[in-house]
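Below you will find the structure I want to go over with you.
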Amino acid sequence: MNKLLVSPAPHWYGKETTQGIMRDVIIALVPAVLVSLYLAGVSALLVLMVSVAGCVLVEHLIVRYMMKKKTTVHDLSAVVTGLILALNLPVSSPWWMVLIGCVVAIGVAKMTFGGLGHNLFNPALVARVFLLISFPVQMTNWAVANGIFTPENPLIPGFLLGLQGQLPDALTGATPLGIVKEGLANGVSIKALAAQHNFSYSGMFFGHMSGSLGEASALALLLGFIYLLVRKVIRPIVPLSIVITVALFSGLLHLADPIQYADPLFHLLSGGLLLGAIFMATDYVTSPMSPLGMIIFGVGIGIITMLIRVWGAYPEGVSFAILFMNALVPLINKIKPFPYQKEVKRG
Amino acid sequence: MSKTFSIGGIHPNDSKFSKDQAIEDLPIPKRVFLPMNQHLGMPSVPVVKKGDRVKVGQKVADPAGFVSAPVHASVSGTVTEVALYPDFQGKRVTTIVIETEGDEWLESIDRTQQVKQEITIVPEETFRKITEMGIVGLGGAAFPTHVKLTPIEGMAPEYLILNGSECEPFLTSDYRLMIEHGQEILIGAELMRRVLGTNVNGIIGIEENKPLAIQAMKKITANYLQWKVVPLKKRYPQGGEKQLIDALLQRKVASFALPISTGAIVQNVGTAFAVYEAVQKGKPLISNVLTVTGSDLSVQENYRFRVGTPIQDILEAAGALDKDGKLLSHFVKVVNGGPMMGKAVVNLQAPVVKSSSGLLLLTEKETKRREPGECIRCAKCFQACPMRLQPYLLYQLALAGRTEELDEHRVFDCIECGCCLYTCPARIPLLDQIRLAKNALLKNKRKK
Amino acid sequence: MTSTLLYTVLILSLLGGVLAVVLYFIAQNFKVQEDPRIDQVLEVLPGANCGGCGFAGCRVFVETFINNPNRTDLFCPVGGNQAMQLAAKVLGREAREQVPKVAVVRCNGSCEVRPKINEYDGSPSCAVVADLYAGERACSYGCLGLGDCVQACMFDALVIDPVTCLPVVDEEKCTSCGACVTACPKNLMELRPKGPKNRRIYVACSNKDRGALARKACPVGCIGCGLCVKACPFDAITLTDNLAYIDPDKCRLCRKCVAVCPTQCILEINFPPKKQDTAHE
């Protein structure tokens, strides 16, 4: 006779799995990946592939041979980390830099804390910031998207060599944020800069902005955002509060002095703001759990981002802002939710 | 727009496969087992002994206090034993065993099918009958009904809510009852309403996935000025007392407070039917309706059973057993109740009791738990919790045995609805530990 | 250039000086006065922080121990008599001896004699099972085998035997802290005196059912027949709720009860193989 199965209630379960959630995030990243492939071709593909493969491999090796447990790569979280890391890198990243990024992301930022669910900081972001500080030249070599192969070595993708120094000047360009920062430092007004460098909002929206792989097109990121919302993977609270904070902050500055400060739309569309707000600030593990906490988290990211962009030394501050707020998450999570109903009496 | 409760909740597939099966009478079992703990509160005290002959409806056990209920014989025959028997969970309970002989009823019971509509009885008499006939809440908790109808000083009832939401997936017994016996349910409800007071309003809450029941009850309530039917959005756990009050009246029951503190009393439709039978027909609570169901479409029944019928007999009648009397091999779990809050059956020889509402047969694929993964802090449990608790946190505190903090985070508010475990993508046994910690804390509190 | 250097040195020195003064005053005002003997006593105790003494930690225990010289119940089970003697010596007192104890499992129903009758699929915790239902195996009083006691043991003294599915106590490691006693939801663990030469006799069953029922549930359980009670020459065995209990204070380890038990649920530990003439110790 087959023995009866016994367990406490409930006796059936929802269909959602950790793996399924990660799969949804990967699907949401597809538009951004496609845009980067369209713009940068094989170079982008190689960065993406090395990054994903590197992250999965590092996780597998660490779990299997250092922690001596069953491998956990099938939960797909390493793939997500790899994708997000790749989208945060310039097209011209050399392969060794991507691999170092993978080791830092998975090895340092994730597995040392105990693996999935235990890390304090977003692994991809830790890697990005690590690389940005360690290899500032490579990390800010913004190739304007079109060179699949380098002119000197037509058969070898520039990726294998590391594009730095080999691209003709026409093919590299600074990001809009970088241009603005530098221009303002030299006393050029925003309007003049915009006219001089010919950046248009539609270009930034549809994907002609120079920057890292994933920053190119706001539209692609928004498509992913809508997918995540429809599948109920994330709640819109964090991205919205970031965007609203940035818009308000930059709007006030712009109103006060339109010559010195760029308008809100520029800040929203430029740099990694949308990529960060949609895919990195919403990372379950490193973001708060209650709606109120999410608002605090989002507003904090927005403010810090703007502080760095406007008054900091770096042109872009989203990564730093998210990492900083990540550190505060355990504290934010201490905020108790409103009780169901206040107690009348205790009995 | 239909109403629903304001916090949390989940939307499981309602899986009401047996909704078109009319209620059938189960054959009278050869032997019934009447446990003494069929209600919440003190176990009843047997008043019969081995060898006594009893008729259907005869009292065989007395209540052991106010929060308790009598038990009546559900078949006629001889008492063969009064002893400890394992219940469906294998726990030993004092049980009266009656060997069936014929089907001889007490003369005082009106066995005709005719609906006795006019209410001739005074409320005090209704209350006495409810107490004597062993009526308990048939929504699941089996709380003695007369206790709920007893006025509490300073808390005047304003609303009597009839719970027809049947939010548990799979179960259809309340639904069938409303379609087939709507009139009787409303008479029973009206009787209870008069006990509470003439100025009390009656509301019947029914989820939208039961359009026929809404239609039927609306038609009947047209003749009752004090009653109205309110359709509710489909959402689990709408049938929880606190959630139903929130959905219908937008009032929230505080921690440790009784629902009556919001002016509302919730009764199940099945209870209302039992009250009708007890008061108008003189029939004690000796039968009830249950659903035998599962995702296997060949086993779908709604039965009227005699209290104390062995589970084995019911499964056999429903065709869930093979030739040798064993459970069909693709079923691995039998649940007494619904999939969210029901309890797994260990012992098929054990009986169904007054408040049994369904026997759910589950396959391994549906019910076997996956190995729990790591918490990814997705907060889905928090979003799903209808009491706005933080299940992930309570789970951690429970594992660490940090009782004071559990109390601080209102573990006592937990209604054990199972939403957290249902929704957890890593399948962490959140509720297992929370329930355990809560029960242990309650025990400690009672000691003090 | 020089002025920058000068200012830097000046400011930092000033800052350092001010902070040093502040620190000094804080240290003076918030100094915690503590009995120096606490640390001395702590030194000689094992410091496991297990709670076996009934206090929240070693420090609390030592404080109570120092302040209540007349209490007889204060004892560190982990350190045993040796540590308590040392502790008493530090305080210049007489140590109170206690019989060394060890945990025993009062269930004998291995998986062989008590096969599973259903399959548990919830949290792997005895407490959850006990809260939910009667358990996977026939006897509802017996060991649930999920190892809450093993989890509770801080000294690695308990392990679930894969053959019998029952917990086994490692006498060497067991400190009789009692953590397993509180952890077991079926109340199967008991702290019993280790006995002379580590020899002891106990009833390895907790079934309170009547004979027939108990027998049906488990062939090696106590059926409450009372044979051992009659056989005991020292009145050490009592029968309550169909369950025999051997009072360790009265038991003289004659092993007569072991011989008469029809279900062999009275266990003798660390006795040499039985010979005809060694019945009396």
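Residue numbering begins at 1 within each chain, and the chains themselves are lettered A, B and C in the order written.
Keep this in mind: a residue touches a chain if its C-beta (ideal position, glycine included) is under 8 Å from a C-beta of that chain, and two chains touch if they have at least 3 such contacts.
Since the structure is predicted, the reported quantities are computational estimates derived from the model, not experimental observations.
Among the other chains, the CA centroid farthest from that of chain C is the one of A.
Contact tally for A-B versus A-C: the pair with more C-beta pairs in contact is A-B. Note: centroid distance chain B to chain C, computed from Cα atoms, is 42 Å. Centre-to-centre, using mean CA coordinates, chain A is 50 Å away from chain B. One inter-chain figure worth recording: chain A and chain C are separated by 52 Å, centre to centre, where each centre is the mean of the chain's CA atoms.
The multi-chain contact residues of chain B, meaning those touching 2 or more other chains, are 332, 343-344, 346, 367-369, 429, 432, 435.
Residue positions of chain A with contacts to 2 or more other chains are 4-8. In chain C, 117-119, 121-123, 128, 131-133 are the positions where the chain touches two or more neighbouring chains simultaneously. Chain B makes touch with chain C in their complex at residues 84, 86, 89-92, 332, 343-344, 346, 367-369, 429, 432-433, 435-436, 439-440. Contacts from chain A toward chain C in the complex involve residues 3-8.
Those residues of chain C lying in contact with chain A across their complex are 116-123, 128, 131-133, 136.
Chain contact summary for the complex, chain B toward chain A: residues 7, 10, 12, 169, 242, 252-257, 261, 326-327, 329, 332-335, 337, 339-346, 348, 360, 362, 364, 366-370, 373-380, 382-383, 387-390, 392, 409-410, 413, 416, 418, 421-427, 429, 431-432, 435. Looking at the complex, you find that chain A touches chain B at residues 1-2, 4-14, 16-18, 20-21, 75, 77, 115-118, 235, 284-285, 289-290, 336-347.
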